[in-house]
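Next come two complexes, and both contain chain A; in the first it sits with chain B, in the second with chain C.
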Partner chain A sequence: MYGLKEGEPLYPWLWPAPEGGMIGKRRVPRVDGYEKASGSAVYTRDIYRPGMLYAKFLRSPHAHAKIKRLDTSKAEALQGVRAVLRYDDPGIQWPKLSGQALVSDTNHWYEGMVGAVVVGESEAIVDRALRLIELEMEELPVILDVEEALKPDAPIMRPDVDPKSNHRPRFGPYFKYGDIEKGFAEADKVIEWKAITEHDVWAGVEAHVGVAECRGDYLDVWHHGQNWLTMMTGLRPYSPLNKIHLYLPYNGAFFGGSSLIASHHTAEVAVIAARRTGCPVKVLDDESHFVGGDEDARSRYYFKVGFKLDGRITAVQLRCYEAWVTETTTNKIYKGTSIPNIYITCDSAAYTKPFDQCFKHGCSTVRVTTQVWEHVAGELGMDPSKIAQINDGVEGHDMAYVNEHVKKPQGFDTARDSCKEVNELGKKIMEWDKKWHLPGTKILPNGKYHGMGYVSTVEWAHTVGTGGMGIRVNADGSVDLLATQCDGGWAGQTAYSQIAADEMGVSFEDIRLRPFEGRDGFVTEPGGGSQGLSGSSLTTVRASRKMKQLILEKVTQPTPLRRTLGNLMPSRPAFFPNKKPEELDMKDSVIFEKAHPENKKTLAQIAGALTYYLFVWDYTMAHTGRGGVEHEYGMVRQAHFVEIEVDPDTGGIEILKQVSVNDGGKVINPDAFNGQQYGGAYMGLSRSTKETLYFDPKTGLALNDNLIGYPVNVMNDVASIDCAIVETGLGYAPYGSCGVGEDGGACNHTIMPTAVYNAIGKYVDSEPVTPDKILKALGKA
Partner chain B sequence: MKTVKKFTRVNAKTVEEAVSALRAANAWAMAGGTDLVGTMRFEILPDTMYPKILVNLKTIAPTLDYIKEEKGMLQIGALTRLEDIAKSSVVKSKWAALSEAAHKTASPHIREMGTLGGNICQLTRCWYFRLHDNRFFCVRKGGKTCFAISGENRYHSIFGGVSACMAVNPSDTAPALVALNAKIVTSKRTINAEEFWAVKIPRSTVLENDEIVKEVQIPGPASGVKSAFVKFALRSSIDFPIVNCAAAIGGGTARICLNAVYNRPYRATKAEESIAGKAIDVASAHAAGAAAVTGAIALAMNKWKIQVAAGMVKKAILACA
Partner chain C sequence: MPREEKKKSAEENEKDRSGGISRREFTIASMAIFGAASVGEGKAITQVANKKLAQPGIASQATAKLPLTSSARKISLTVNKWKYEVYVEPEWILRDVLRDQLGFLSIKDMCNGYGACGSCTVIMDGRPVLSCMTFAAECDSATIETAEGVAVDMQDLIEAYVMNHCMQCGYCTPGFVVTAKALLDRIPKPTEGEIRDALGGNICRCGTYTQHILAIKEVTGNA
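Moving on, here comes the complex of A and B:
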């Protein structure tokens, strides 16, 4: 189905990766390396257009309030102010994404919401104008807790949406598999507990920004985001799409949810402001780190779990507020275990939570498995990695079933056991078997508790993705991969070039991913970091193979007489006369006869004559029953381990060592892969131990919404991180590969409760696990 | 982040010039600017207090940037950067608590800009006081309410309030100066370190508006006295202290000072009494830690800090062994 030639294996995961080339090689120079390291890389913030104006938001100063009076006249009158766009401007259709408004669509305002956009000639002028806006508001009730909002006597928060109730169903309100009651009946033991998360935000490095310039109907937009296609679609109201040029410059610190949802608003407001003023406009949303909530933030999880005394889990019931854990494809406890009976419900409410802009739902679904392993292991006095192994499986089936019914028919290697392999390797590096102990039983000579934490789950992006790519050979033999640029941190530009180099037989140095204004045919790297490479490598392989085939065909044929720019180009004989394409090969940009390798021509030598012909494109759609198989199963695993010390005097946690092992199936660029692991571990551990916004209980205002008060881990907050790679070939992308982005960040977010439990022998199932909570659990506060 | 409102800068050439410039309304002394510029950018103060004139002390000659030991006394100019103090072999040799405190302050970048004078004069980090755009007009700004009392007070005072303010003093060097019995020499007078801090609107010291710190003087340690500084923060690399503690112990005496637990550095006299003259071991240090917090009063969310304070006293004492 995906293969191009007769006899080629049907499925891309069965295609062997070319050997001895760039794929899997270390120290491959990153295509974007020089630009980024030297500071010359252009980010959206670096875009300047002649005559460009600046725009900033007037945000709600209250967590929940109504506008009584908004007087923008003084701001409008300030010299250098070009426009004040108000929430109630009848001429503006403010953008909405996922049903959420950035700019308030009523006089009802939440913290983070925008009531006006000021556009002026400089940032300083805009700031001055913002200070001149007079705003009178009526403060409305504040409810900071989702469960409080659902109480029958709670004040109604959004009567305009629902005058009777604060209840809001999450989309996908429940997930059911098996028979939960039967599962409990079969259990030897049933336990219940509650876990919570506080309010973490993305607090990235580059705040949102968007630039727009109108030239009549034509529109140029510079978007701080990863996903070309969804942004393009979002621009539909503003111009015919074939008149829009959408550029995605480099991104500094990002993730899919933020890119998909939050940053779009900024670019759209830039378009609205540019249309209104007739000038290019840069919208700076400097507060975006902190006003954007995460749907996982302030979640509540009520667990009820049944299990056998040997560690086999028979039932998982979960009642969830806020966290979105019911969606089938991201539901880790279903996707990556043999647990036969699962029932999860998900609910939400209208309450005082800053603009719920993005999702990092990886964290919430991993939290379910982490919590279940931890508590069942705790109850049985077992090592949680053993519980993970015992319950390993796929969609309710154990691995014996998966071997027989999935791996075999789909051609995967049944001898490979990803869970076992990541666990064994991780434990070896961590010296887990030597270090792990029963909870609360090891006090070190320095008086501190010693703890070992563990999380394991299925990898995210194990699926075949949809994408498109064009390839062109230039007259000098250099090669362009024509695709949208999407800077997601997984070194996509480099990794695609590695694949293309090996598949075409072109030297890596001759290839460049040329950010191409892509439409359907040329959109690579969709989604976010979690899906990027595995999603688009299929089309890269196919396009590269097509190009190689085309080159080998063209060099065996004479080039006919042709006319270019009015000149008559003479016909010329074939470069390899009387040869068939299959008698030739290409390596390192040299085409040669297999039987007589001395008969050769460089790509540069033939490209001048053939460049008009050497263009291919490929578009590969991930079919329903994706990959040509009925269903894709999550068979690749990751495991993360952490060793900590807990100070009983302060409740402080010191992270001594962290180990991440990811099964990448087949890893294209191991350095970039490690980069995702390292970054994920730092970010995840940061959220697990420190990051939370604190709110004033009366006003509901966030109190630490800046990078001094909101502590994001820096390098020396984790003593050492060891990253290791397993390659089982059990992913569905070409060569059996799968992605790694998002995984480490989400998993390590959930790990600290397990380590702290192992250290002090008491559960602290509230993230982040801060010193106050530990001291409380120890009975010292 | 907003652009800073317009202000005037005065490059003072002498201490007298600085003092005279500071007499103008809304004039503030500026050293490294690492604290002051932040307050301006975030617009935390009401207009009546917002810095409109910045009096640059770095241009004063002869410079107030020096570290010297004279007749056994350590003299540090107010404009000396924290990093220079942390690295100074003179400071390290006899005044370990200050060396360590300077080293543990903020991040390398901030220590390269921030000065000792600025560190001891910095405004409180109470998040109600610091919230951008003067969202909370609290007692420290001339308002009537300390919003922390019934609000988010996990990091606030465990020894009650002063003038109804529950904020804490965030300085790392301050407790070291108190433990080391330092004197602060200003343009007007010489003040015992212990008496230097106060609850003012909005400042944190007893200084008049037209008074600047010129020098910090620390006597040489008596024989047998060892000093140490310990700090507990979420991120050891940059964060303000949750609680810190400096101690100078030996020869039958003990001076122990906690910070970030009260409006001013808090001299833990009960701990001093408990440990002075005793052999230092885990049990005696623990007992002194417990003694240090006997008068503590928890707010709704900060009971844990009492435990941390006791723990930090214990650690500071053990570090003096």
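Moving on, here comes the complex of A and C:
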């Protein structure tokens, strides 16, 4: 395999990380840091084009309604308005993604849906024109609960999709593993319970925006999103793809996608408007933070679990509605436990809920393990971290099996036990063994209940991805990594630069990740961020090694006589005559002879003397890149702990301390890794304790869809967060690494029911766990 | 281009929600009482005198001539030590004038101008203010500092921000930087409590909160 060092195994997880360089180092300056701190970083909202027009949406003012009359004539007549694009415009095919659309293509409208797009010379003109549109609508029934929508006598919400039923399957087939009935028969005890989640939203940062400009046959698009590939695919109807330039500027955080429907369609609407008006158009969707709901918004989970009295779980049956717990969403109770019998059904319905959003994705599936550990431990009077440890395993097998059949043949260290290591470290930092107590048994001198919460699960960004990267050495010795950018803030640019610096032997300061269009093959981070670094580090390593090899070859060869721009360029002797590449090395951008380090040349000297750029590229498919290993097992773990006080009079929760421990396999940038831990903890705890949209049951409209009404954690909401790292080398990416990105946000989202149960001794399996629910559980409301 | 109607629509929204007097009506009523401004249609005057002095390195986004009403007035602003003169309508918001007309793109908007996030913070006459909640017309003769200015004036703060990973997506970061600078101007060696209080109103959805404390302590030698 190209890029493989002599004697190195085929599996990239067994490659040792270069020592003494940038990998694993703290206080590496973030490469995007100065731009972002000084305000010079460019986001899609900061794109302005000469002659640019502005566009905004007319949204459905009702949660569910049918349009009777839409009169846009006054808006069209307003000076400065260039176009009003209506839902029923026969010349427009409005985009759809997986059957969902931002702009309605029927006269049936739902909350969040767009019925017209006004394009004008300024935002002010567009705002004024929107107010001139006359709209008459017939309100239709509202159903806010997925289970209500599935009742036989429920009104049909989407007759255009299915005139007989509201039922919709959720992401493919039900999930079955083992024999569920046998599992229950073997159990000493079987318990059942229900958990629910309310409606949390992205409440994002940079509201959705898209900019498009037609230049003759060519189309330029600026997209606020992370997923270059799916956006490009979405642009197929508008132009041959080789005539589209798709730019992904910095993203005011998306956390993995926000609503793909809304963000992609915003860019596509910009294209449609630019084509219609002949001018560049910026579409601004200022309300988009609160349109839609998370992947688990308004979910219902019905659990039935069988277990032995020693804590071993024999069967997990789950019937869920709305939540994404199918195998396609990485079913964690299957991937990261030894539970032998699992049966999960997931269903959804057409009801009054706008698009799915997805941010810090994975909470639905984490919640399953969190809930199972909590309830089994509760029944047995055990510490939930012990239940997690007892049932640790992979895809129904225990760790002894994994050691023998996975770790050994794949070369992993069988002595490392990720679950044990993250638990032990986290418990030590939290002083768990001293602080944990049986549920409802500790009242503090201040009269408050004391509670300890716990979540643990598999790290899910443990796999290698398919990706590509180009590397160019410029005439001054500086180096460009040509890669697509899907920046969501996790410092991927910095980490890729660290890997490239160490693998090439180039100074970190000389490297820049130059966001490059993926159409040229360098689709780095193709998954849109979830597995960014673990997915694409392999192509980074390989491209870097190719470049180093190319440099060492070039400097040992003479440059022949050649003609450049009509000039005859003299031949040049080799920089290191009579040497072989393997006799040389490069470090800190200096090429030297290993046996005589004083014989050296800088990369800048060499690059300056060449009349061409040094350039390599790599594209590695995941399955070939991982040495033919067919299946990647989830052997890396994470655990999160929280300590709270609950006021029995008000039901208020105070978060005293939070601890996150993640096994990163091998961590490239510990500061950025920690950033995802504490950042995720802040967001996860916020979602777990307070975040929800409230809806008027009559009209179905959200009542707090703005950042004044929708509570998110700010600086003083969490007293202390401790982040710790374990490195077992059990990930499949180079050096045994795995990603951490969304984990903390997803895991901590599910933690509060466990802490509150431990505090008050009563289950409150409804997130967010708000004071009213606690008081109700205490019989006080 | 300034969004002269934006505030109106935001206010109408707010009115719909509150069912009462809107913030803008209240403010305009107060302005009228104090004789600060009167709102009315009038003969349109054209053209905006924009930058008296162009600042190198900052692109102006003022691409079109703006039709103004007779209630427009000329204000002068000193932004990051450069002087500007600009015509503004009474309802124009400072954030839009600074960002859309003068090109200070560090000023962001996370909360749709509700005054909830702090990402539009600028230092005005020594105090951090939310530029989305401030009428430009009220800012005549004001001295303003944005993150672009802090980057020049307080480089060690920016460096501490970079080294301590105070940014993830970075959208909120200029608002934090400006708030931190205002704090350090006022209290050169703040305690952790003072830092928390000063930055307590800024939202960072990425959750970088812990790092701002470290960076500010580092820059003041209080680490």
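Some observations on this one:
The working rule: the second predicted complex is superposed on the first by the 752 of 781 C-alpha atoms of A that agree within 3 Å, B and C clash if a C-alpha of one lies under 4 Å from a C-alpha of the other, contacts with A are read in each partner's own complex, and residues count from 1 in each chain.
Criterion: a contact is a pair of C-beta atoms (placed from the backbone, for glycine too) under 8 Å apart; a residue touches a chain by one contact, two chains touch by 3 or more.
Here the structure is a predicted model, which means the values were calculated and not measured.
Legend: residue contacts after superposition of the two complexes on their common chain; A:E123 is shown touching both chain B and chain C. When the two structures are aligned on the shared chain, A:G33 is found in touch with chain C, with no touch to chain B.
After overlaying the two complexes on the shared chain, residue contacts for A:A203 are found with chain C alone; chain B is out of touch. Contacts of A:N706 after superposition on the shared chain: both chain B and chain C are touched.
By the touch criterion defined above, A:N716 lies against chain B and chain C together after alignment on the C-alpha atoms of chain A. Ranking chain B and chain C by residues of chain A touched puts C first.
In the superposed model, A:A483 makes contact with neither chain B nor chain C.
In the superposed pair of complexes, A:D286 makes contact with chain B and with chain C alike.
When the two complexes are overlaid on their common chain A, residue A:V636 makes contact with neither chain B nor chain C. Counting contacts as defined above, chain A residues 123-124, 127, 130-131, 286, 706, 708, 713-716 meet chain B in one complex and chain C in the other. Remark: chain C residues 1-6, 8-9, 12, 59, 61, 63-64, 104-112, 114-117, 146-148, 150-151, 158, 161-174, 177, 196, 199-212 touch chain A in the complex. Residue ranges on chain A touching chain C, taken from their complex, read 27, 29-30, 32-43, 45-46, 48, 50-52, 121-125, 127-128, 130-131, 203-207, 250-255, 286-287, 289, 487-491, 671-672, 674-675, 678-683, 706-708, 712-716, 718, 721. Residues of chain B touching chain A in their complex: 1-3, 5, 38, 42, 127-128, 130-133, 135-136, 147, 150-152, 154, 232, 234-240, 242-243, 282, 289, 301, 303-308, 310-312, 314-315. The touching residues of chain A, counted against chain B in their complex, run 61, 123-124, 127, 130-131, 286, 447, 647, 649-652, 689-690, 694-698, 701, 703-706, 708-709, 711, 713-717, 770-772, 775-776, 780-781.
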